[in-house]
Every structure is written in C-alpha cells, then in structure tokens.
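Just dropping this structure here.
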C-alpha cells in the first residue's frame, strides 16, 4: 500500500509498504479522510527524535477492512473514527485514570510515534473494541475526522480549566487547537471567552467559535487588557494553546487566585518552562497548573460525535485547504510552512 | 410600605408594614421587579409550617435605597440583584462549602421564610457586600430577575449532575426550573438533552432552551424511551425538577451505572422518597444522588448576570404573564392555580 | 480438580470439575488461601438468581500455574492476588471511570457470578496483566487475601464518603466490611470515627481498627447519640455497611447538610430503599448519596498491598476461624449461620 | 501593652503599644502561647516589603479578653485558637472557595502583614465567630498552637496532593511544615511516604511523624532513589516544602504521569520558578501543579483540634526550644539563625 512517511529528520515522501497485520483484538481501517496536524510537522523536524520511514498522521476516519478474531463490536464495512491517542486500557496508568499515559509518559500516542500513522491507504488500530467508534449516518467524514484530535485536545483544554458556570476564560492562541478550546469553553458554560490572537483570519474564526472578545497581542498588552475585561480580577481559567514560554507566563499572570492554568501546548524547546514567581503568588495563590494529552478511546469519541450529531458545533470551518492523498507532498508543504493562512488541511483518500 | 403577605395558612393579601431597619452590613432595596415562584404557593399552603403576616417572594431586583455603615461596595441608586438565598458567609456550613445551609439546614433561605420576602415596596438584604450584585447596563430588570432563583437553581441541577462533555442528560419535568436545567445542561456541554414533559407549551419552551428530544410521559414509557434514545445505556445524568416520588424513581431507573441523579425538586409530601432497589444496583451501581438548594451570593449572581450579558440565554421567554404590584392578588391566583398555561408571572413595582 | 459449588439454590457441596482453559490474556492460579464472604451465603440463598454447579468464592490468593500467550508481566510460580472484581478494562464503563460496572451493571463481578469462583484448586483470571498483582515477600497469604474484597470494599466506603481532614464519620455496622470502613476512615484522616454495633466482639474489633466511640443501637438511640457526639451537627460522612433499609435511613438522618452518605451494603430485599424526606432536607440539604462496588484491578491491589507492606493495618484480626479446603462444608456452615461469633473464615488449600 | 515588633527591615525589638480596639464582629485575645515561624524571619529580612513597628507573629493561642457587640459564640474567658490566616468570609474569593485569597492575593494573611501580629500581650481577631475556635479541655495550649499554621499548612500540602489510598508520596524537605506534610500524608492514606532531608534531627522526626523511607540528598541522587523506591514509576504526589527552585524541579521530575506536585513552599527569590520541560512531559503528561496558602477559619481549626483531641498526632515533638515572652529577642535569634538544630520555638506569655 501507499504511505506518506518521514524518511528521516527533515525529509518526507511516499513509500510502498505492506498492509499491517492484525493481532486478535486489532482492526485494519481503510483510510477515507485525514487531517494534517502541526505536530506532524514537528515530528519531521525531529521533535520526537529520529525516525526512519515512519508513516505520518494521527487524525483519520475510514472504513473497517478487517478485524482480529476477538473483536466483538466492529466488522468490515463499518464507517469508523479512531482517536489520535489509542490507549492500552488495561495498563496501570489507564487504571489510574490517565489512559493517554498508558505504557509510558505520553504512551497512548502510538500513531506516527510508536507505530505507523494514518497517512496511508490502511491503518492499524490496537484494542479495536475500545479505540474505535462508529460514525453516525448524519455526520460526514470531513466533520467526524476533527474529533480524533482537534475536538478532543481543544475540549480537554477547557475541561481541565475547571471553568465555573458563567466564569471567565482566556485562550492563548487561536490556532486549530486554540479555536477548539474556545468552542469547548463556550460549550462548558464560560460566561466570557477572550481569544488572544493577532492573525485576522483566526480572529474571525475565534468569533465564529464563540470568543466574546479578541485581544491582539501585537497591539495591546495582554495582561492589562485581560485584567481590564475582568474588572481587575483576572480570569478563572487561562488556556495555553501555543506551547511557548512567553505565552505560558502570560497565562499565569492573567489568572486570578484560585484559578486554573490549563495547558494544551506542546513545549518543544528550552530546558525549562517558566512560572513567573510573584504572579504565581510566591507559590501560595491557589493557582493550579493542569496539563494533559488528547484523550482517546471509544467513549470519548462517541461523546464527541454526539456533539457533532446534535449540532453543537461545526468544525469544518477549520478546513482551509483540501488535497487528494496523491497531492500529499504539496499538502504537507502548505501545513509545514503555514502558507496561504492555512488552518487545517484535509486529505481525501 | 405596602407588602403582599401570607396572613396565615391558606390566606394571602396586602398589608401595610414599616420599612425594614438596617444593621451595619445590610442594605435596603426598593423593589422594581419580582417573580412569583411555585414555592411561594407551597408556602401559603403550609409547606414550611405556619406563618403570620409574612411577606412573600424571594425573586427580585431593585435599586439600593440605603446601606448600613459597614457596607463598602454598594450605595443608594445602584441597580441590584439579590439571590433568593442570602447566606451568612462566616457560618461553619459556608466555610464547609455549603452556604445555602448556613445557620441551619436550608438556613440560607431567609426571604419569605426566616424573614420578610421581596413582595413589598422595599426589601432587606443581609451582608449586602456579599449578597448583592450590580446589574450591568445591558441587562433589563425583567431579565436580571431570573438570576435570583430560576437560573441559579436550574443551572445547579445541571452542575450537580457531573455531565461529561458530550454526555446524555434527561430532565424531568419542564417547569420553569426544569427549563433552566435544560438550558444549563446545554451550557455545560451535554451532547443530548432529553426533556420529559407533557404540556405542549412547555415542550415548545424546552425545545427553545435546548432539548434535543422530548418524551411525553402521557404517551410513552419514559424508561423505555430514554433507554432507546441512549442505545440501551441510560443517561449520564438525570435531573429531578418536579419533586415527586414517581419522577425520582424514574430518574434512578434511567441513569446508567456511574451516572448521577441530581435533584432540584422540593419534596413536600410523604415520609420517604423511594429509591428503586434493583435499578439502583442493589446499592452498588455507582449511581450517585446529589441534592442542593439554589446557590446564592454575589459571586454566583455576578456570574449568572455575565451569562445574560454575553447572550448565552434569554430567560424572558419564561414570562407568560405580567402584572402590576397592585394586581398581586390576581397574579398570585394565576400562579397558584396554574391558570392559562402559566410558566412565570412577572410583577412590576 | 476439586471445587466447592452451589449446586442449586440452597444447596452446596464439592464437585469434580475440569481445570479452566485459558484465553490469550488469561491466567490460571493455583489457590492457596481464600476467605468466605457473606455474599457467598447470599448467593446460595438465591440472591443473584438461580445457578447450577457454580463454584463459589471471590476472595483468594495463589500461585500462577499457567498464563496465556499474550500475558507479559506474570509467569508460573508468581505469588499473586486477584481482586474480587476483575473488570474488562477496555469496556465503555471502565473508560468512564467505573470498571466495576464493565460489561453490565455490576459486570466486573465475575467470580462466582458470571463464571466459576475461587473455592477450587485452581481459578481463572481474565486480563491477567491488568487484574493480578504480585504479593511482596513480606506479606503472608493470610493477610494479602484480605485485599481482594474486605480492604477494597471497606476502604471504598470511606473514600466515597468525601471525609474532610479531621472530619466526623459514623460507620453502621461493624461486620468485616464495616470494620474495614472504620480502618479506612482512620487512614483517610477522619478526626472522629463512630462505630455503630451491638455485638461485643465486633465492638472490640472496631476499637482495634480505629473507632473512637461505639454506639450500641440496642442500648441507645443512634441518631440522638451521634448528634450528641458531634455537637448537634451530625457527621460529615455516614457509611452504610449492612444493607438494611433502617440503617440506610439512619445514615441520612445523622449526616449534616453538605455531608455524604456512602453505601457499601448489598440491599437484598424490598422494592425500595427509603430516604427519609424531611431529614434529607426535602431534597435540598446538599446531602449526597454515593454507592459503589468493590474496586478491582492490579493498580488497586498493588496499592492495598502497599498499605499492608508498610504496616498501616493488620487485617488478620478479622480471621476468627480457619479451615482446610476439605473442611469447606463445615466452614461454610459457620459463615452462613454466623456461628461462634464468626467474623471471617479463612480457608487453606 | 508590650509587643515584639519589626522596627524596620533587619531590625526587631520590643515596643509599648496600645491595646487594639474592636469592631462589632471582632475579638481581643490575651496571648498565652505563640510559635515563631520561619516566615517571621523572612518578613524581617524584607520578604513582604518594608514595614515599620509591625508586631510580628501569626501562630498563637490565648484567652478571649473582650468581644465586639455582634459576636455571638465567644465570650471573655474562652480559651481559643485563631488560625494564622483570618479570612474575610463574605469576600468574592471566599465565595469562590479560596478564603486565603480574600480581599487580595494572599489577602487572608493579615497577622504581621496587613495588621499587627500575635507577639504581644493581646492580639486582635477579625470576624471572631468565623475565625476563632474554642480549645477542648484535653488539649494543652502548647499543642493547640500548632494548629494555627503548622498543621494547617502541612496538611494542606498533603490534601492538595490528591493522594490515592495506598499511594506514594515524597516530601521535600522535613522542616516543621514538611514534617506536618509527612504526618498529613500518613493521615490521608499514603501507602509509602518518602522524606527527603539531610539533617539527622529532622530525619529522626520524619520517621516519628510517619516517613517510611528517608532520602538524604547530600548522599544520593533524589530522582534516582525515589524512582528506585517506586519501581521506576515515580510518586503519585510530590510535596515541595522548602521554597527553592531546585527542590521544585525535583518534585516535577519524581512525579509520575497523572500525579500531582503540591506546593507549600514560599518562593522568595528569582524572577521565575522553573518547570523542567521534558520531565513535565513537554506539557502533556497530566502532571498537575497545585499551590495554596494555609487554610484558616473556625471550621478548619475545629477539625485540626479534633485531630489532636483524638490522638492522631502529637505536634509538640516539633518544639525544640522554649522561651518566655521577655526573652523574645534571644528566641528570635535562635529561630532566625537556625541555632542549635532548632525546629520550632515556643513562647510562653
């Protein structure tokens, strides 16, 4: 089968690979739609270390092609979604409530990391009964595919933020994950959602997905402006959706005592991430810093699909570019170099 | 001043009373709008025991007329909202996180219970700095007044329900509190909200406030229908919004293992409320039963006002009837006898 | 192999059975020690419906005899403990945080319910890597075996009780589970633990396991006495450890507003379990009722074994009787008829 | 009256001051015992900025001398404890569940910060009904005085750590607060408590208060050793009880994915506190960082007194030195310069 791989650090391309084999609980899925994630581009730059001929991609939907002998709930022909994270559900960390950390820190992140990803004609899913979800008829593939990572990670950013009903939330910044944090904060009862973003197209999407106010960090001081918008108190919840030290610091500064800083960003550089000491209340201001990795699993995916099915949200506005799988090299370049105000690139197989 | 009182069990009417005096932390508010609550009618029937010449009403907004010497944040002329529940914030139960229970079980419920209520030209507010909230300019009195009890109680029903993002919720029934539970469940991320109600007008409001499906208990079996709507699993959260033993039992029956039954109903009759033993998993199915009394206090009210200010919800569709204060006797009759498909009755002073 | 079975409702005895076969993730354990549980006697009386030749028992330790081809962490010769509850870890209910409910309500309860139990020379464990725990050298079998159910269920009763540091707890009654609730409440920071019990031997054990006060319901009014012991406020947490309607009612009555009633009891009779309406605050006193079924799984068992290893607790004082496996009929009679002040009966294989 | 004050940065001494006046809800307490806190010495060095003639001290017990006109529950002659933190209970932050942050970040910290402290013949308590607790007869002053800060802060470190029953905890380091974290972790069900400390006297106290293992950072690598003690997994909970960047970093490194870093330390230096990026899982390992400031208030104090009353803990082993109030200058020198292996210095009035 045809696969789009990271040949080595810095180099991508197509490769012919064998169709993956199946263990007794596994499934093979024929890919129909996929999305390119910024983290795919990080991976190619060496973000998770060297890899050779690793198939990229972790956001996809498709049709079940084959299942192992112990799979009970899925059969060939089922239209399915797999989460970007496919945990080992019996693992100690899963039993502890943290399936994304199963096997090892971030160990639920298997696609395009511990095994081949989804940018191929077929992909392999471990513990299929626990990691696949059937896509309801009313939801097209090009919407369902957003559940795999964008909705799950973005909503997690809001969920970890402990937002009180009617509370105040700031989301820094409004890339695809940040936009889904914004949508998630709205879905979870935030009374005021402030989107921090400078790119006009993303500001517009932020409004569409529920931001009540936009703060442009190139034009105003974020800390001052957020305090102004919150009567000097700071927000109940600040969500980091960029993965930059400066943004993280701002999050701590704009959060009120008793509030939560919720991180969704991938921090790729530097030895340390910096907590501003004084604004952290010298370690005593009851400001909590929460983190996490995209929740996966069938239950999560079923719930996210229900969010789409009952029209709470239309994620397809994130799709700024569409390509066929055989145009993958150009598609990847657009995503990697952030050309043409790209937000998300959809691939059709 | 003129007050509308419960003269004794079963009898209401106007009475001339002195304007309330103020302690050092208190405020006097000139009433501008109020709502009649079903619990006012329960009170008159003797629901909380005998009372003599007790001013009724606990949902109101107004303008500050005077404040005690230690009040810092409010002054005459401020347009304000007081929660239906006005806790003693230093009390042990408040320190324990349950201000509605301050002083005694349900002890935060002072208006028209432990002291005179708000159906009068003026009403008294204890701990004004902690129990009043300024109403933002954009919110008219007739909307703000819904925060006092309807939004606070209804949203509480959803908040106590521990609704997962995209989870399933059933709300039994769709009276004014139930409708605000429905709205609250939507605001808190429910992926499917099922409203149980038989009255056509209320079914319509349920749709308006966010119910995805309506179950009419006069036409179908609620347990069967809810299981059908949830792939046989039952809901994550069932909210009791009526206060009837049969409804409570249904809530236990339709909740999945690991789910929550959240009560907002006032149970006025019988020695016991009945948990169906088998469907409760013989005491072992991880079904939690939560209860509570309308959260009050300035922070809560400020957050609810923010929900209105940023257009998450328009509660005024609940207002089916409007009267002047001098028409209070007729107004009360409409509410009490549930005439003309009444939902809420708004009083203008 | 030899097995001690429920032949039909009301009749037990030995039976020769084949050694269980193994699926790829399963393990076969040679039994070394087991405990008889009150619920075994309920089962024989028909508590979970008719069964034919079902091997009884769900509390055991042993030595791994064989493992399936996909088991990674255990091998023949390992001394191991299996929880009484052995969940399907990939199931939706497990993903939802309720593994004891996996597959169906109470579906994690497989031993002596959905499959043969542990009162046999060998027993079968599903998902061995996730449901077995290695027993540290310092812990003898006769102590480790208490983790399977007694510690796990008893501690759960305390854990679900949301006990504040220094809070007040009442435990009704002091059977083997109740005694472990008492121990668990102490381990979780309760400042006052009140054991309700009338049997002198159990009162003595209650003191040993940490009860600060004993209330004998045959000699004093439990509600009055508990209120007296808590300055009239009621307890933060009341744990039902009997499974009787009257005891459950008392729990609701003695719990303060904002407190928790935590159930561990199996309710075997009647159509309903009764919540006393007024003391429940007419549905508004912020009293939460929590339930659950003995948590299982490797992580839970490892943590409980650590509790024993570091000498937090010695559960062997619960063992009032010891028998060899070939004396099982007499042993079961002692447990069933509660002869000779029995608390727990230990079986050696 | 005689008061021991910070005259300016770096200089302390006695001063004659007027007895404090009382507002309607306040109380005046005649001091009987007090403890010197490390933070008193930080204050004198300028840790909270310049102060002139500020009475020092925030840990004390005494006898009520006088009360304001609205105080209901206390009267002259009552033997009482005041928490180090005396919140404004009606404040928005208190309503939000964070009374220590009332009024301003860390605003509940009034003694020896926003007003005169307790190192004087009399001290003033705001909101006396909410901030005082009566000391039960069985508890001597020299034990009760530890509740004000040491138990409350130390236990908070454990409480914020989200310790699972039987979980693993490391406490860095074993000063007086760290020792009470150790005791608190044991009281909250930790199955393994690791104390990190190099001073022999403190190591010994750590054992006494419940540490199962001691790691001496001058002799072994803390990260390696803690991983070794936890089968390579890291701890469920690491508590920072020193306030140093290096120690904080170690806490992040030794915590397992899904675990919690709980801070009790006061960070007095540097612009930033540093999170080690990789061991924090690049922001995705579900490691939560929690902080807080000593919980105050009557309910907290009553619960801590109950812990002492029922013999869960004897804090008086922390007292290494005792002085009379007139020896305060020498006493303060011992505490400030950490002479003679001082842990805590008790002052008798």
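We just call them A, B, C and D in the order they show up, numbering each chain from 1.
Everything below uses one rule, namely that contacts are C-beta pairs under 8 Å (C-beta built on N, C-alpha and C of every residue); 3 or more make two chains touch, one makes a residue touch a chain.
In UniProt terms, the chains line up like this: A, B, C, D = NAD(P)-dependent alcohol dehydrogenase.
Every value quoted in this text rests on a predicted model; they were computed, and no experiment measured them.
Looking for a copy of the B-D interface in A-D, A-B or A-C, one arrives at A-C, which has over half of the same contact pairs by residue number.
Pairs A-C and C-D differ in how many C-beta pairs touch across them, and the larger number is found at C-D.
A straight line joining the Cα centres of subunit C and subunit D is 38 Å long.
Under the contact definition stated at the top, the residues of subunit A that touch 2 or more other chains are 92, 96-97, 164, 302. Interface residues of subunit A facing subunit D in the complex, by the touch rule stated above, are 92-93, 96-98, 100-101, 105-106, 164, 233, 240, 243, 249, 256-258, 263-277, 280-293. Chain contact summary for the complex, subunit B toward subunit A: residues 155, 159, 164-168, 184, 187-189, 191-192, 212, 302-307, 309-310, 312. Subunit A makes touch with subunit C in their complex at residues 23-24, 70, 89-92, 94-97, 99, 127, 129-130, 297-300, 302.
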